[in-house]
Structures are given as C-alpha cells and as structure tokens.
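Each structure below appears as structure tokens.
Next, two complexes with subunit A in common: one pairs it with subunit B, the other with subunit C.
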Partner chain A sequence: MPADYVDWLRREGRIVIVGASLAGLRAAETLRAEGFAGELTLIGDEPYEPYDRPPLSKSVLLGKASPHRTELPHRREIDAKWRLGVAATGLDLSAKRVKLADGDEVEYDRLLIATGVRARPWLKADEGRLDGVCLLRTRDDAADLYQRLKAGPRRVFVIGAGFAGSEVASACRETGIPVTVAERAGAPLVGALGGVIGAVAADLQTENGVDLRTHVTVTSLEGDSVGRVRAVHLSDESVVEADVVVVSLGSVRNTDWLTGSGLGAGPRGIACDAGCRAFDFRGIVTDDVFVAGDVARSPHALFGYQFLSLEHWGNAVAQAETAAHNMICHGADRRPHLWMPAFWSSMFGVNIKSVGVPPMGDQLMITQGALAERRFVGVYGYQGRVIAAVSFDNARWLEFYARQIERGAPFPVEFPTMDRRPEGRQPVAADFPDPSLPTHGPTVTLTGYSPADQQLVFHPARH
Partner chain B sequence: MRLVVDLNKCQGYAQCAFLAPDVFAMHGEESLVYNPHAPEEQRERLARAVAACPVQAITADGLDGAGEQSTGSAQEARDAR
Partner chain C sequence: MTQAPLFQQITDFANRANPYPLYEELRKNPVLHEEEGGPYVLSSYWDIEALLHDPRISSDAANLAAAGDDELSGPEATGLPPSFIRLDPPEHDRLRRIANSSFGPPHRPRRIENMRGELGEIVTGLIDGFGDARQIDLVDQFAYPFPVTVICRLLGVPREDEPRFRAWVDPIVAGLDPDARTSAESQRTAQEARLQLGMYLNGLVDQRAREPRDDMLSDLVNSHGPDGAMTTMEVLSTAVLLLIAGHETTVNLITNGMLTLLRHPEFLERLRNDPGLSVKIVEELLRYEPPVQIVPQRTCIADIEVRGVTIPKGSRIWLMLAAGNRDPERFQDPERFDPDREDIQHLGFGSGIHSCFGAPLARLETQIALSELARRLENPRLVADPPPYRQNAVLRGPRHLEIAFDGVRQAV
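Then we have the complex of A and B:
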C-alpha cells in the first residue's frame, strides 16, 4: 500500500459504514477523532439513530427507561451523511460499491461492515405471526413487549433461557407477572456458563416464582380464532396458556445481504483478521473492507487463535475503535483487536459478569464466596490454564482474573484466598453441553476448531 | 441528555446513584440501573456523577466533552497495557 494512498484517504477519501448502531457509531467517532477528513456515510436499515440495546431487556421492561429514549450519546461531532431506514442489499467488491434497497448505490474507498445480528425468529413462520408472539432485539420490539407487559397479561411464556430470555423472565417477576420459561438444556445460561453455574441460575429463577421447565422444547404455538396466541405446547405433552410469548432463541448474523459478494460471510458471521480486515471467500484478506461488532468473528491469540464471535457490547465498542484506527493508518501502525472478552447481565437482583471465554473451559473452581449464597467467583480452566471467570454479585474480582487469563496463569488456581470456600479447592467439570448441539444465546461462539478436538494442535507462532 | 454506562467497567460503587439519584439507582447488591435519557434539569447532577465515577464508566453528551474525555483516556489506558 503506497503511503500516499493513506494520506489521500485520510484527507479526501470516502468511508462507508453499513450498520448504524453501537459499532457503527463508535467507529465513525474514532475515524473523526483520528483525523479522517473525507466523506463519511452511515447506512442503517432501522429508521432510528444509533441506540443502546442492553437497557431494552432491563430498565425498559421494568418501566425505568423509555424504549424510545435509549439513543447513544455521541462522543464527538462526526459530520456524516446518514442513510437511515434503508438496508444495504448488496456489495460489489471490485467496483467498491454498496447497493441499497432503494436502488441507490454508494461508492467507497474503504468500507466498514457492522450489521450485527437479529433475533432468531420462531421456526414456524405462521405461528410466529400470531399476535402476542414477540422478539426482543430492536427498540420497536421493546416498545411492543413493554406495552404488552403493562397491559397485565395472565401469563408470559419465554422460549429459551439464555441471558435475554432470563432477563425478560426477571422483569416479569419483578412486575408481578406470572411467567413460564422453557429451555431445551438442563438449566438457564448453560450455553454461556455451563451446568454448574446454570444450576444456580435455575434456583434463582424458581425461587423468584418463575415456572421453569427444562429439558423440554416448544413444539407449537396455538392461536385463537382471531389470531392471538393463547397456548404453548411442549415436547413433554404439557400445554401452558399464555397471552404473550417471547421467542428468545439466540440470534442470526446479518450477512444475507453479502451473499454472492465474494466476501467470507456466512451464518457464523464475517471472518476477519485480528486487524479487523475481512477475508474473502478464498481466505485472502481484503485491504479495504473491515468488520466490527456482533457480525465479526476474529482470531484471538489468547484463546488458541480461535475465531471468536462475541455478542458483547464491549467488544462492539473496542473492535469498532480498532477497525476505524486501522482503516486510516499505514500498515505498520495498525493494531490488533485483542480485547479481553467481558460481559454483564443482571437478573433477579443479581449482577452477573464474566471475563474471558467460559465455554472454552472444561473445568470450574469456585474461588471466592459460595454457590449457595449466590455470591461467588467461578474460575474456568482449560488445559491447565485459567481461561475465564464469572461472578455473581462479586464483580470486583474480575479485573484480577482478567489479568490471570492474560498471563496464562495455571489452573487449578494455586493461591489461597481469605474467603470461606465451602466448594473446596477441587475443580469440577464445568459441564458445558456438547458444542455440536444448539443452545440458546451462548453469546460467545467458538467458530474455529473445536477445543474438544485434541488431535488438532495449532502453533501459529512457530516457524 | 443522553447517557450510557459501560457496565463492564462499572464496579457498582454507587457514587453516581448518590450524586444523581433520579438518574441512577442500585438494583440488588451491585447492579446499576439508569435512565439513558436524563431530563434536562438533571444536567448538573449528571455532570457531577460523570466526573465522580471512580472508573469513568459514564459517557453523557452535552456535558462539555466530559464523556469524550473519559472514554478517550480509558481507551488509552487499555491500549497501553
């Protein structure tokens, strides 16, 4: 890349960002902050300016924030051309052009793709269209669900006990609404945190009055004569009457619009290198197409160079900043996106946080507090080193464990702690379900080789 | 005024809830809930909360660059590690 090209790009080039949400906005701000003076276009299919999603399943459902007022604050003026309410429908890599749903085409010199994910809809489309069947991803979804909860439904039924589904159940209980949760796995949050922690989450739900059904799947949704949902049928032959059904089955990556573009994009997201440059379908890195946020999957040195696909707020921000930086600088100044994965959730009054990649862990050790008190830190080990940690109402320890993960500290952890530790010093199996089976909303997906596959050893740094 | 709290950074010290109780509240022992759209009359309290958060987790706009400054320095700190 001739150096003068980058100088020209920074001065008067055209940068297009597709996906006008958290990652798109933070990338735009970083571009300007780092001196990009050219033309900047943000394309988003939602008619709204970038807003924040985590409050939608928390403060909004509790009535503590309006679903229409979660717009993200701006860190600075970005002087961009906004194309909101219009989807990108295609990409011509060689002509460097993005096609839009309204027939327009937008040319770019560099492109950032930040199209995120959407909620996975109910598998039977006709049942999914019944009045009262809801998804929760967008602010319109949240406004609709909030109205329905406010109307005082007799019972809410949540399909899928990942983080989002569990947060919905929590909001229902807190506002006094009867709620049933169905989960295919043995407990809530199993895909994200494993069976040991999942059991704690299960107790938390049942003690708060959630009618929790595990090891079951929903077989059909039944409507009444005017097309409103009225009952849910389960694989154990039980039937639950409900007038609101929240489908919380994880997400689908927004890559359909890239079909046929030649980019390495598919149902698992868009593969990119650690510098956020997208791969084409041949596995060759592009130099003018970048990716960030939920739609990206990128290799991480700390986690065996697995391609991590993270549905984490903090990842969207950090990856957007790195992508934006790399888009407008010379090769030698580029930075890798080696963000320490971190996630939070809050349900039934408990603050849940994690660092690292729990689903990669095979063993778990409770190092602080106690499971029974729901105030603890659990550390995940993988092949003799610390790979992740989770806390329930004990977040102040996580920074420490993040450093342990960075150092590749040995597992089981060797240091004594002052806390009582009824769980003892012994690690136990973390009890993740078979990775080949679908779970709901694990929020971290390992899309490289399987950690269970011991035959494949990858040493990219050795020559 | 719009605001967002980076809840990865937030350590639940409740300093913000003390300074701007109409915007921030603790929920349970250590979760923070907040209204991402604070009413205009909260401007001064919000500015104080932004400035006082020990981990600079709060970004708000229209506060004379306070949010910008806090996110910028946190980013640098992360990169420097």
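Then we have the complex of A and C:
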C-alpha cells in the first residue's frame, strides 16, 4: 500500500542526498523539519560542509571575506551521515544504490540528486594546466585566485564576460589590477540580458578601466619555459600578456556520473516534473528519485512549460524545499515547484537583479530610469506579454514586475510609471544573440520539451 | 442617525486607544471607497505590500495636490522644497542616496552600531534620573528625551534648543493627521512651522559649512559623492525630515513597547533575564503596535486594479499599515502579541523605496530602551489602562504613560 509506504519511509526509511551544497543542505533541513525520522546521508565530492558561493566571486576576491568562512548557516539540526570528499560515480536505479568513488555503495529508499554544476574548463586541457590558469567555482578556486590577485599580477585576463567573469573583472579593478576581458559576443552579459543591456555593461566595464575585447575568441594560451601562463592569443591575432588567466566560460552540469543509469540526464541537466521527480530516459517519471538545484530542469507553467534549468541561488533553495517536501508525502499533498526565477549580481558598484526569464524575451522597454544613468528597470516582452525584468540599482521595484509576469500582463507596457523617460515609451529589440552561436552561457537554459534530450540542440533564432 | 463612513472613523479620536476592531472592520472590504472624491483605503497585508512596490503609486507632493486635499504642499507655499519622503524617483533616489551616504552602508556601515555604547549611556542616565520616584510618566521622562537626545547628537543639533524646535515640531506632526475636519488649517500651521524650523536649521547649516564636525549636518552640507551636492534648500528639508522622523516615531515605539510589555508581563520578565530577546520583541511590536499606522500620502498615476476594483488614476490612497499587520490572510493568530512567532514580518517600516530611512537606529534605540527598562524597574505596573492617547491617527501613541514601580535597580 503506497500510503503505508510513505508512513514507513518517514519513520525509518533511508534518504540519500547526492550533492552537499546549498540545495542539498536545505533539502536535508526541510526533510527533518517536516518530520522525516529515518536515516539521512549526504554525499559531497568536496571535503567541506556546505558553503555559500556568491561571495566567492565578490567579497572573497576583494579580501573582505575569507574563502574558508562562507559556511552556510544551518537552519536546524539535521542529524545526517556525511560522506564528504567522495564523489558519487554511478547510480543503479533498480537496485536503488549510489556508487561512490571509494568503491563503497549506499542504498536508498529515496534519492535526491543535487549535484549542481562545475566550471567549464578551458577547452585545451594542456593549456588549462598552465600555472596561473584559473577557474572559479569552488572555495578552493576562490582561495587560489585570491592569493594570485593579492600577489599583484601585472595583468589578469578573463575569458568570458558573463556574470562570473564580469564580477572577477570588477574585483580586479577595485583592487587596482589591470584586467582584460574577452567575449565572443558583442558585449558582456548578452547571453543573460541581451545586447541592449549588454551595451550598458560594456560601458560600465570600459569606464572602470577594463580592457574589454568583444567579438573575439581566445585561440590559445601561451606558457613560459617553466609552465607558467604568460600570454593569451586572440582570434583577431592580437596577443595580450597576462600572468593570471581566469576561464569563465559558464558551467557544465554534473551529470556524467549518471551516464548509463537510465535517468533522463544529459549536458543540460536532469529532467524532472514540476514536483521535482526525475524522468528516466524514456520520459517516464520515477517515483523515488528527485532532483533540485542547478542540475535540475523542470517545466514551468509561467514560461510555456519549457524545461528551465536555473543557476540561481534562490531556485536552489526553493526547489530543494519542494523536492524534500514531495519526497516524504503522499501524492495528493505534493506541490509543484513554480518559483519565479530571480537572479542578482553586483559589479563595479552596481547592483544588478532580474526576475523572470530574460532570454525568452525578444523585446525590451525601459520603464523606469535611464540606460545612460545606469539606474533603470527594463521589462522584457515575449509574444505580447511581460516575461522578465531587469534592474540596475533599482531592485526594490522588481517585486512589482514579478507580479506582472505572474499575471501574464500585456507587453508593451502601456501604463505610466514614475521616472519613465522618453526612451521607454517604445519597445526595442532586446538583441539576444542567435542561440545557434552560443556564448559562454546565460544562467537560464531553455531546453525545449523533450525531457530525455541527451544532446545540445540549439534552437534557431526566434520566429 | 447613520454612522460616519469608516474612513472618517479612522481619524476619530474615539477609536484611538484601540483602533484594531475598526481595522478588522476595514479588512472586510479591503479596497474601501466610501465617498466620491474620498480616499481608497487599503487594509490587507498583501495589497499594501504590493502597492508599496508599485511604480504607478506616487508619493510626490505635487501629484497629491492634484488629487486634492493637499494643496499647500508645493514649494511655493512654504519656501522649503518637499523632503525625499514626498518625492518620486529620480529626485527621491538622488536625495536619499546623498543622505544615506552619511548614515549607512556602503559609506558609513557602522555609524549606528558604533552608537550602541552612547545610547546605553543616555538610557542609563535617564533611568538614574528617576531618582527616588515610585511613579513616572514614561513619555515625558524617558521615551521622548531619549530619541531626541540621540537625533540631536547624530545630526549635530544642540540638545538645549529642544524647547525651541519642539514648538515647531508639534504642529508639523499634527499636520500629518489626515483629519478632514481640521486639515486645511492644520496644514497651513504645519507648513509655517516647517519653514520656521528650516530657518532655525539654516543657522546650524551655515556654521557647519564653515566648520565641519563629525555629524550628519556637516556631511549633508559637504557631500560631494557621485550624485553631487544637495542645494542648501534640499539640505534644510532633509534635515527637517530627519529631525522629526528621527524621534517622533521612536517615542511611540518605545511607549507602545512598554505598554505592550506591561500588558504581557511574561515577556517583560523574560526580557529582564535575556536582553537578547529585545530583538524579537521590537520586531513583533512593529507588527503589533506600529508607531506609523497609516501612509495617507499616496496617489496613483494610472488606473490600477486591486482585487477586481479599479482605482482610477489620480485617486488618493491610504495604506493602513497597522491593519495589514494584523491581517489573518497573512499571519496566524494576528491579534496575539507573540515575539516567539517564527515568521515575524511587518509593514511597520513600510516597504519599497520609501521604507524607513532610520529603521536601523529606531530598532537599536528601542531594543536598548526596553531591555534596560525591564532590567532596572522593580515590579513595574500600569497606573491607567488605556493611557491617554495623542490626537494623531497616523503617528499613534500614548500622550502619557504613567508607570508605578517599587524601586530602580542599580545600573551595572
């Protein structure tokens, strides 16, 4: 009897969480808060208890916070068995077992996968191993990069002008380090926010002394005789000397360990239903495997039931709470994960925040403030409705726009707003790059309808 | 005889001691509009919270004047431009940013926290001053002088001038009460007082321009951040705002706080043993008995729909913060004072771009005030319940709060 099973599970079942970061921790706390009394195991490949990542690319690089002091506060006692410093390497769905790198196996009655993403490495492995070539995803990465910045490099080179790359550039400028940023697209942040907002970000960088190179790619990294990076070669045939290179090319979802498991897992994450239950590769929902956080991709009613994977801090928390709740309750009590996507960043003294899914938008209106002042709210429209909004130093208004998105409010935005300027009276093209020419990656991935999609297929330009 | 419309009962003094049954009545019709040309009265938590973030809702004194009932707010009438609380972006944002650069993060992140020791000393001195008395008026002997002393030091206004500026502050505060019957006259008096207070502050501002000190007036006069400097008139209206808002509301928060604790002695006793509980007590007070009960100075610049009701462009809007704070749609058991509740949220400081500028200071002042009163007063009790209230429905609080006690414990 399923009802008996849930009662038994709550009392003495075994729940395993793979991924000991934000989503894993919040899920564990929610399980206990909602009365799960059984055995709880958390598996993480890093040797650390869950820590917070947003400071790693901001205050840590500025020396304002120690990379070893960003532990996530615990909301409650979770009484879990921790398996830290050991990666999960495989999953046996029928035997309900997770295989670990140390050869051990852990059995579960219900499994939550929250393995997140890792930084995409430099495409040429030998160049990526040069001393001074850095990634920035983990606490160790941040500690290493901070030490290198503190040593006073002559120049830092950042490959990729997404949020993380731009934040690194910002930290360099704030500490007076010369920095060059290379971006394949025409401006920073274009993948996430489009070309109109990207142009504002570009001005922000150049005015703060960043040597910004757009429409270029890095062709090779050159090392010296002792294996230290010394120069970066670009597709426009220029060469930039640098002693630290930060590879900031977006992220790769940690699903490799699931290859062959039969789960609907691929480079875009693990497909799941709105209740966070994973799909298998046939598109059939499992009932004992759940997914949460950056690695999950789930259909969202507000965005045409597209499968969204969101690299958003708030999404990790909300999805973990929903997944944990659904793991230990009866079917009728389950709830959907319909979180309003929201993202923030700060760079060059500007607070940037978005709600909704900007890359879905094709048009943009500046409804408050002005681009030239770098204080504004921009609203994205998609097929006649409001789909997203972004603010520069204006975050307090976003709650309003989130409600407009929820209501499917019409676009163009017709009502007057305080501080509306002439430029915001007409929509303009939001100017996202053609998705068939990927940049290093937005923080939202739209993945079409097929849950078992195992390969990247870029949609052609809109319409 | 028919009863007065609900929105007029809000300003009726008869409801002052306990307006909450009236608020409950209001929430039955959360978008209340009773009279042609009258305000739209919003009383549910979620609606108020939404409108405080709605860019179609204006705080601009000029828009309010156009909506009627505020015809004296313009600069012509007073000679002082509106302070940022009565402005919309971008002007509001510019002035608030400049003011904030001498008050809070990122430029002065520890200014308030660094005052902790000083606040403790002022409180200790005031309580020591009760001497051998076995009964005090908490308002006159503690809840008023404490925040006045603090804001004077913070701004750099001589404390001994308090009797002078109090004569101007009282009519300004009275002018905030949206009582239709006295409105025009009290607003005229208020604007005159505001001008007088501005002229008084102008003397100090002149002096600080010549000899800057470590106070906010000096910072305001000499600000040269990315937003440039305030004009002298802007400095004056900002200083008037900070001086008034910096103490009038805190007086009520402290007084309401002590009144509430005396009505709930179990929390007073717990606070006596655990000053750390003051953090939660103050947050719950801001929900349960907020000093600012109503935001009556909003108007909409577009037609907006709330719960199926279209509020036409140009309408005046009253946001009933204190009613929203006890909205059962939002809070479990909202009529109960419970600092142990897990999710203490409130509209006590408003929300959105106009959310209380002085909130960090008001919180710290009240936490210290209440925990010290709890610790030092032996067996305190109310002499009269309810106490006599002030006229004002917006800034609501007791005019006097007589407290009897058996003695004063030594300061540590």
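Keep in mind that, in the parts below, the second predicted complex is superposed on the first by the 443 of 463 C-alpha atoms of A that agree within 3 Å, B and C clash if a C-alpha of one lies under 4 Å from a C-alpha of the other, contacts with A are read in each partner's own complex, and residues count from 1 in each chain.
Definition applied: a residue touches a chain if its C-beta (ideal position, glycine included) is under 8 Å from a C-beta of that chain, and two chains touch if they have at least 3 such contacts.
Being a predicted model, the structure only gives us computed values, none of them experimental.
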First (subunit B), second (subunit C), both or neither touched by A:Tyr146: neither
First (subunit B), second (subunit C), both or neither touched by A:Phe36: neither
Subunit B versus subunit C as contact partner of A:Phe279, first or second or both or neither: neither
Touched partner set for A:Trp257, first subunit B, second subunit C, both or neither: neither
First, second, both or neither for A:Arg396, with subunit B first and subunit C second: both
Which of subunit B and subunit C A:Asp52 touches, first, second, both or neither: first
Superposition-derived comparison: subunit B or subunit C, residues of subunit A touched: B
Subunit B versus subunit C as contact partner of A:Trp122, first or second or both or neither: neither
Partner chain(s) touched by A:Arg69 [first = subunit B, second = subunit C, both, neither]: first
Subunit B and subunit C contact sites that coincide on subunit A, given as residue numbers: 375, 396
For the subunit A and subunit B complex, residues of the former touching the latter: 33, 52, 54-55, 58-59, 62, 64-66, 69-76, 313-314, 317-318, 321, 335, 342-344, 346, 348-351, 353, 375, 393, 395-396
Footprint of subunit C on subunit A - complex, ascending: 367-369, 373, 375, 377, 396-397, 399-400, 403, 415-419
Touching residues on subunit B, where the partner in the complex is subunit A: 1-4, 6-8, 11-12, 25, 27-31, 33-37, 59-62, 67-68, 71-72, 75, 78-79
Parts of subunit C lying in touch with subunit A, wherever the complex brings them together: 50, 53-56, 58, 60, 88-90, 93, 301-304, 352-353, 355
